[in-house]
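Next up, some structures in structure tokens.
In the two assemblies presented below, subunit A is common to both, partnered first by subunit B and then by subunit C.
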Partner chain A sequence: MKRARVVVTGFSALTCIGLSARKMWQALISGRCGASPVEGLPFESSGVACQIKGFEPDGIEEFDRASQLAICGVRDALEDAKLDRDTALKVPVLVGTTMSGFFAGALARTSTTAAMLSGESAVTMPTSDNSVRYGYCSSISEAVINHLGLSGVGITVPTACSAGNYAIAIGAQYIERRSCEVVVCGGADAFSPIAFAGFSRLKAMAAEICRPFDQDRDGLLVSEGSAFLVLENISSAVKRGAHIYAELAGYGMSCDGYHITAPHPKGAGAQLAMERTLKQAGVRPEEVDYICAHGTGTFANDRMEAEAIQTVFGGAACTVPVSSIKSSLGHAMGAASAIEAVVCILALQHQFVPPTLHCRYPDPEFAIRVVCGTGEPAELTYVLSNAFAFGGNNAAILLKRWS
Partner chain B sequence: MWRDTGQLCVTGIGTITPLGIGAASLWDGYERWCRVPRPSILREIQRVQKPSGAAHFPDKVGIDHLSKSSLCVCVSAQQAIQQSGLDLGRLNKTRVGVSIGSAFASANAVQEFSEKILKEGPESIEPVMFPNTVSNAAAGYLGAMYGFTGLNITFSAGINSSSIAISYACEAIVQNIIDIAIAGGVEEFVDGQDSVNGIEGCSLIVIERVQDATHRSAPQLGYLASAIAGEVSKEREVSWPATMNRTNYGGLIDRSNRQISEQVAEFIAQFHGASTAIGCALGIASKQPFEIRSASWDEVVPPLKGSLIFTVQLNGNDA
Partner chain C sequence: METLKSDALREQVIDITAKITSLSREVINVDVPLSKIGIDSLMALSVVAAIEKQLKVNIPEKRLRGIKTINDLVAVITDGK
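Take a look at the complex of A and B:
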């Protein structure tokens, strides 16, 4: 059976530099950075993070913050797609995440245990509620489905920092194989004290700012956010007169099969994900007009990604613009690649490559063209977005301008 | 998504439950469980003992720092690969994928990590603890241990988690993304939390094309007939027994005569996100025709109510 073509008919983003996709884009191209001293850690520590300020949604206080971000993100994306009510209520939801509501659950359990040991009544957070509401990895997609009253399936795709792209790829597969006409997919993660502490202990955290691909880069900044795409069968979208933002031309997944945290030194898994993406789309490397890099700002990741791009793109690696928006809004873990997918759609729409902030001296060992400091106008038809994760989970997607 | 029939088979299985290592111990435990009044004997043995990584993988230094669920996955995979007779030295590992389902995934590792940073501060954390907190740790460690690079994915969808993981693996083979999949489910609950009336466990199967298995004379333990995971079911294809209206039941085994075995369904459903994968092990160990269906009508998770159907047909004659 011929694969159905998949288009994007709605999207949303909630980030530390903008509480909507359009506000995020404006902040991004104007060079705003979301980094600030970390707040709200439940232990003694200091540092910098990219946390969302002013996100206090009404009516969903009962959910953990990751679920809140997911609920609002899915709601906004569905509204943007202007689906009829019956269709919207039946869409499958795929939520990529790293931590789901785990930390909130752990914190509640720990507080409950402490209260019980001290003889106090743990009335505020009964154990059974903790387990049901936060204890599941899948609780985040269940929260979305439950709160929005959807009747489609809810699946959590917890493939860490590449989870957003994985969710998008799997969502596309559902449409391509005609399991459904419309799917909403993306990622959400709340600021994670676990990630903050964990990356600190791995010495992968930037001291002040994140400068991907810079020779002086010193790590990532932990962030939070959500982003979702409404993917739709092209015939369905055309039939209902939907506004089509872009086409999902291809995607590819792979695994490093090398180490749980360290990327493959030659970027073999990253290469395979990019190659599979281009092959599926039938696009040659030189046809790609922009690469939205994973670009965490850690020494090992950026070096691996640059090498993988050089291998896949050959001579074109020196000309295709590459940038990392994590310099602006940090690393939102499972939401990161979903946010980057939205940025790619907006880049296609505005024909503009967003900048890599803080990258003053691109690493001379990298034979790639990093767009530093400020963005640049460009003729964009195909844009590639990379995502790599713990577990060696790699996923790339290719978006095509809709005309 | 995958609806083709007769193309894929199971050539190896590895299982760890509180009843022991291997599918045979699971079947023995099931038969004992059937003979006792509820609540079952398993209520007292919900937890799996963490396998010894050093004993199973003596050449892997430091492997015992992996979480229990990750070690269960690695040990189960070792069993399954061994039974399937795969020659790891000659295998094209870019064509081998890993697909794991889990409802709770790394919840226990997160709990341990969180309690330590809350009580002793972030500096008390050993860096090796951090990767255990991500929900794809088990699949990631398995991929790294064997160098499987074709695909590596983790799904979490409550009690349907392993159904989705297995059906996705089937799809990946049918779509020619990979040739061999190690797929299944694992559950590890949070220590000290007794609010989950479930059983920990792990079950992984080796899936490949029938023609490939035949070509290399691999055991064909069963056949995957069809899978429709991730779809909204149009209607339920069988009449669900009244007892299935209770919460936390997600697996159903329909014998060849189409009579539903409530006992089997109730038994495997206790394994939560690993239930369908555990059902595969039980089916093979039974040494009789089996058909497994997995759907969810879980009152705790309304969105998954009746939303997934997954079938596996197994002919346990070679087990």
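Take a look at the complex of A and C:
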């Protein structure tokens, strides 16, 4: 039996430049930047980060911030899809994340952690406080299932900065194999002091501004957020008269395992992920109308990504528009590619390529066409979204306009 | 008799369309534009090619532009017979 086709019938986004997908899009195309002096660190820093202001949801204070972002994101996406109650309650949930609640949330604040970090040899883990609740990676999907009262599968996908795309790809497989008609998948991460400190030490963090693909780029900005897609079997969506936003035409995953933090210099795994995506969709590189880049703004990523695009796209690399929205809203880790998937859907809907904010002088070494300035209108049918992560975890997805 | 024949033909066209487009039969509404059920112009060409081959009919190229729905397609096939 052929694979079932997968469409998007709902989505959500919570970001530092907008607490809904549509507000985020408006901010993106009007050139807003979410960077501001970092807050809430347990140490002094003059650095900059992209933190969400004014996200204090009622009734879920007991959960860590990453789980709160995931809960609200899944809820918003399910509401957008207008599923009937029975289907919604059984929907499998896949949450991509880098940090989950483990470091970002309660654990980092508890006295237990302080004791653990201070090197005390005998620490008793109290069972009543949140250090146990958030003490393991899958707590984030569990929090969603628990709070929304769902009865389906809850899976945490911990493939770091590509986790959003991985969750979307794995979610799509559930539908393709006809295990279920609907899944909700995406990613969530809260601002993490550990990520902030870690990227600083790696000298991969921008001093003030994130300038992906610019010759003067000096790194990424740590961000937070969540985004989720409701993926559905095309037949189920058409039958129930759902609003269909786009079709998931293909996806491709790879793991080159090159290095714990550095990407493969030639982007071998990145190439594979893009090639597998196009092959699965049966789409030629020259048919792709926009590439939503991983584009973190680090020296290594952008060089590797440009090279990988050049290799996969050949002559078409010079003409297909490429942009990175991380210039506007930073790098939301496990949520990043899920947010970018939502941006791709909105780009298809509005027939508009969002800009790479702050990119003034695209690196002349790159033979790709980076869209800077204020973005540009374009005829978009197929859009590709890249995500590459620590450890060589790569995943790309291809979305197709629904006419 | 003619109606019966045309009903049978429509069913065959729906079967082939479902197979080529990975859509379930029940969502292939014969009166709605193909694009509304996720069949783009390229996919429609694949459907036409499969129909020509399996039903041993010829669908003239100049008629393709006018085919918006499955019923349009069935009408073109009937005309050609």
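The working rule: the second predicted complex is superposed on the first by the 376 of 403 C-alpha atoms of A that agree within 3 Å, B and C clash if a C-alpha of one lies under 4 Å from a C-alpha of the other, contacts with A are read in each partner's own complex, and residues count from 1 in each chain.
Here, contacts are C-beta pairs under 8 Å (C-beta built on N, C-alpha and C of every residue); 3 or more make two chains touch, one makes a residue touch a chain.
Please read these numbers as outputs of a predicted model, since none were measured by experiment.
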Fit or clash for subunit B plus subunit C once both are placed on subunit A? fit
In the overlaid three-chain picture, which partner chain does A:261 touch, first (subunit B) or second (subunit C), both, or neither? first
Could you look at A:153 and tell me whether it touches subunit B, subunit C, both or neither (first, second, both, neither)? first
Partner chain(s) touched by A:100 [first = subunit B, second = subunit C, both, neither]: first
Given the touch rule stated above, what does A:197 touch, subunit B (first), subunit C (second), both, or neither? first
Could you look at A:247 and tell me whether it touches subunit B, subunit C, both or neither (first, second, both, neither)? second
First (subunit B), second (subunit C), both or neither touched by A:177: first
Quick one: is A:369 in contact with subunit B, with subunit C, with both, or with neither? Answer first, second, both or neither. neither
Of the two partner chains, subunit B (first) and subunit C (second), which one does A:7 touch, if any: first, second, both, or neither? second
In the superposed model, does subunit B or subunit C contact more residues of subunit A? B
Smallest separation in Å between any Cα of subunit B and any Cα of subunit C in the superposed model? 18
Common interface residues of subunit A with subunit B and subunit C? none
So in the complex, the part of subunit A that touches subunit B is made up of which residues? 42-45, 90, 92, 97-100, 102-103, 105-107, 109-110, 113, 127-128, 130-132, 135-138, 141-142, 145-146, 150-160, 166, 170, 173-174, 177, 179-180, 193-194, 196-202, 253-261, 268-269, 272, 276, 389-393
Name, in rising order, each residue of subunit C that touches subunit A in their complex. 19, 21-24, 26-27, 35-38, 40
So in the complex, which bits of subunit A are touching subunit C? 2-5, 7, 234-235, 238-239, 244, 247, 402-403
Under the stated contact criterion, what part of subunit B meets subunit A in this complex? 1, 93-94, 97-98, 102-107, 110-111, 113-115, 117-118, 121-123, 125-127, 129-131, 133-137, 139-141, 143-144, 146-158, 161, 164, 168, 171, 177, 190, 192-193, 195-196, 228, 230-232, 273, 300-304, 307-308
